[in-house]
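Comments concern the structure below.
Letters A, B and C name the chains as they come in the text, with residue numbers starting at 1 for each one.
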Amino acid sequence: MISNIKIKKINKDIASIIIDEPKTYNSLSFKNLSDLIKVFKKLDNDKNIKVIIIEGSGKGFSAGHNLKELRELKKRAKYQKLFSLCSKLMLQIVEGRKPVIAKVHGAAFAAGCQLVASCDLAYSTSDAMFATPGVNIGLFCSTPMVAVSRKVNRKRTMKMLLTGESINASYAKEIGLINDHFSKLKLNKEILKVAKTISSKSKLTIKIGKQTFYKQLKISQRKAYAYTSKMMTVNMMAMDAREGISAFLDKRTPKWKHK
Amino acid sequence: MISNIKIKKINKDIASIIIDEPKTYNSLSFKNLSDLIKVFKKLDNDKNIKVIIIEGSGKGFSAGHNLKELRELKKRAKYQKLFSLCSKLMLQIVEGRKPVIAKVHGAAFAAGCQLVASCDLAYSTSDAMFATPGVNIGLFCSTPMVAVSRKVNRKRTMKMLLTGESINASYAKEIGLINDHFSKLKLNKEILKVAKTISSKSKLTIKIGKQTFYKQLKISQRKAYAYTSKMMTVNMMAMDAREGISAFLDKRTPKWKHK
Amino acid sequence: MISNIKIKKINKDIASIIIDEPKTYNSLSFKNLSDLIKVFKKLDNDKNIKVIIIEGSGKGFSAGHNLKELRELKKRAKYQKLFSLCSKLMLQIVEGRKPVIAKVHGAAFAAGCQLVASCDLAYSTSDAMFATPGVNIGLFCSTPMVAVSRKVNRKRTMKMLLTGESINASYAKEIGLINDHFSKLKLNKEILKVAKTISSKSKLTIKIGKQTFYKQLKISQRKAYAYTSKMMTVNMMAMDAREGISAFLDKRTPKWKHK
């Protein structure tokens, strides 16, 4: 079956995943979710790729679930399967080894907004819009709120969830849903700047860092210190930390072995 | 006994709870706390009401506990009972079925500030003031900080708690303690706009959403996804989600059955 | 052995801890970490001291670990010991009895940034810089992120961690890493104003408050209310709460017994 999830290599380090189904506003259908999980896993296991960008083709980022498909599923077990698959994609992004950057234009609604919230970093065009509008169709954005409420203040998240109203890029930046927004002309350049900065680092260091970050957030501060002290030690014993420290002290550029 | 906690019906969907004891600056005395719990439970069980507003009468919202009463209680068991009752009110708001909006004017201090922080949404006049000033009377705002620290950044909460100093509405909005502030002339209209937007949704959807929101915040992201996927399925199997999706696809206004 | 960790008494209530090793940019070496823990414990047990300030001497606050020392340690067990000692200092600040205020000028990098994030309050000069730049030397700032991610939004923390780039005082205030920033001329005066406000309160109240604050953050809202209701009662039974409430009702200044 043809997949609407495409991979575009930006350079040897950076790949962009494109949701290319503009006729459904890049809906997160069963098929697209399933293909996205496969593609994220593939890039996560690709030894050359250091940073993953996710974006949509056509008018905008993603409008979330495919409502026509949703209406036809009808059975409880199928809904459960769909929402679990969607959650699996979000957890794949959070628990993966590599930084994922959302590149947003147009609308990022419902599960599309969740996808933005789930990425490590997110940048958008200045006219992008974000919403958790499920309440408007009688289906509260309960899975999207897992991601949004872990990034955004509770009262602000509740306003979005209870009213279903969209917010603009400037407010999304103010409340920490995205890192920044730029004009359409500049967005690509600015995202590549961040992606290139990150891909200039040791891949091993980034992998340890990203995975340690989300794990330590789940536990108490005391346990988080015990865990991260152990991970700092693992990191310190690797070649790249020794090289990095020596390079810094010798005032030269480090040569990463990525191990 | 006459109660100082009044219910004002705004329309068939929206009710306002008024703390009407201006001579104590709407203090959260034993009696008022107890009556507030009763009134919140009553409205939560009222099949017609969709949104609850809470406000104070007279000069401001609420100055918190009644200090004269507090001085007279004297016994450990009575203090324990008072603080537990106050906590019970806050949990009733958080764990209830219906969205609660704080409408604040004048001062919201100590347990009054906690009440604002505990509501799902909060709006104030532009000259409203917020504080956790217990430290000034030797009684740290320990229960208020449960609500405030779950909405507001730690260093900003600590500044309020350790100095006891008040903050204005503009700063309260900036740090996410309230959603927004308006001039006295506009506040009522703006709150009704939000309340009417929410009350135009399916009551069942809102109930599932509010309750799922606070539960998923307490657990790890992985567990939260398992839980919310299940709740999305429950929501999807209800009549209102099917109606909402069909209405959206047919480009018509949904007719909620609230089930 | 001579210690580079100095205590400067500001007045009878307030003491400043100075990291005085400008030649290493006030590095958090084994020795300095160990001495800082001792000094923090000492001041925490000093019956006269009510507020602790921490600052660096020379060009800036602290550049974090001593990289020359780090390179020479070589053995896994020594690294583990160093990172555990650093974590122990941060937990000492969080779990101590007395409010700790960071006074930052110049750079607060890596474990130096962690130290700022760990303090109850933080103020800086307007030209101060903050960073978690470990990724640049192949050693991800995994322990610093425990403190930073508990104060700052996840996407903003991730941006700092993944790029290693520094942020300025204005942005650090915006994201809640510090409370405020001032010109070099004003910083000292402004910090003393806050410290004096806090030291005018009951020491017992502040101790109960600070300790209760961090403990209630670790548990669910329901448990947090049970715990803080108990602590409010303990606080209420102390002499200072009775004195504070009476003084307030009698419109006079309270005389604290600090018990």
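Brief remarks follow.
As a convention for this text, a residue touches a chain if its C-beta (ideal position, glycine included) is under 8 Å from a C-beta of that chain, and two chains touch if they have at least 3 such contacts.
No experiment lies behind these values; they were computed from the predicted model shown.
Taken together, the touching pairs cover every possible pairing of the chains. Interface of chain A with chain B: the two copies contact each other largely through different residue positions, with under half of all numbers used appearing on both sides.
One simple way to say how far apart two chains are is to compare their mean CA positions; for chain A and chain B this gives 32 Å. Residue positions 150 of chain A each touch two or more of the other chains. The residues of chain C lying in touch with chain B in their complex are 99, 120-122, 150-152, 176-179, 194, 197-198, 201-202, 204-206, 208-210, 212-213, 216-217, 220-222, 224-226, 228-233, 235-238, 240-249, 254, 256. Remark: chain C residues 67-68, 70-71, 76, 79-80, 83-84, 86-87, 90-91, 94, 134-143, 145-146, 149-150, 153-159, 161-165, 175, 214, 218 touch chain A in the complex.
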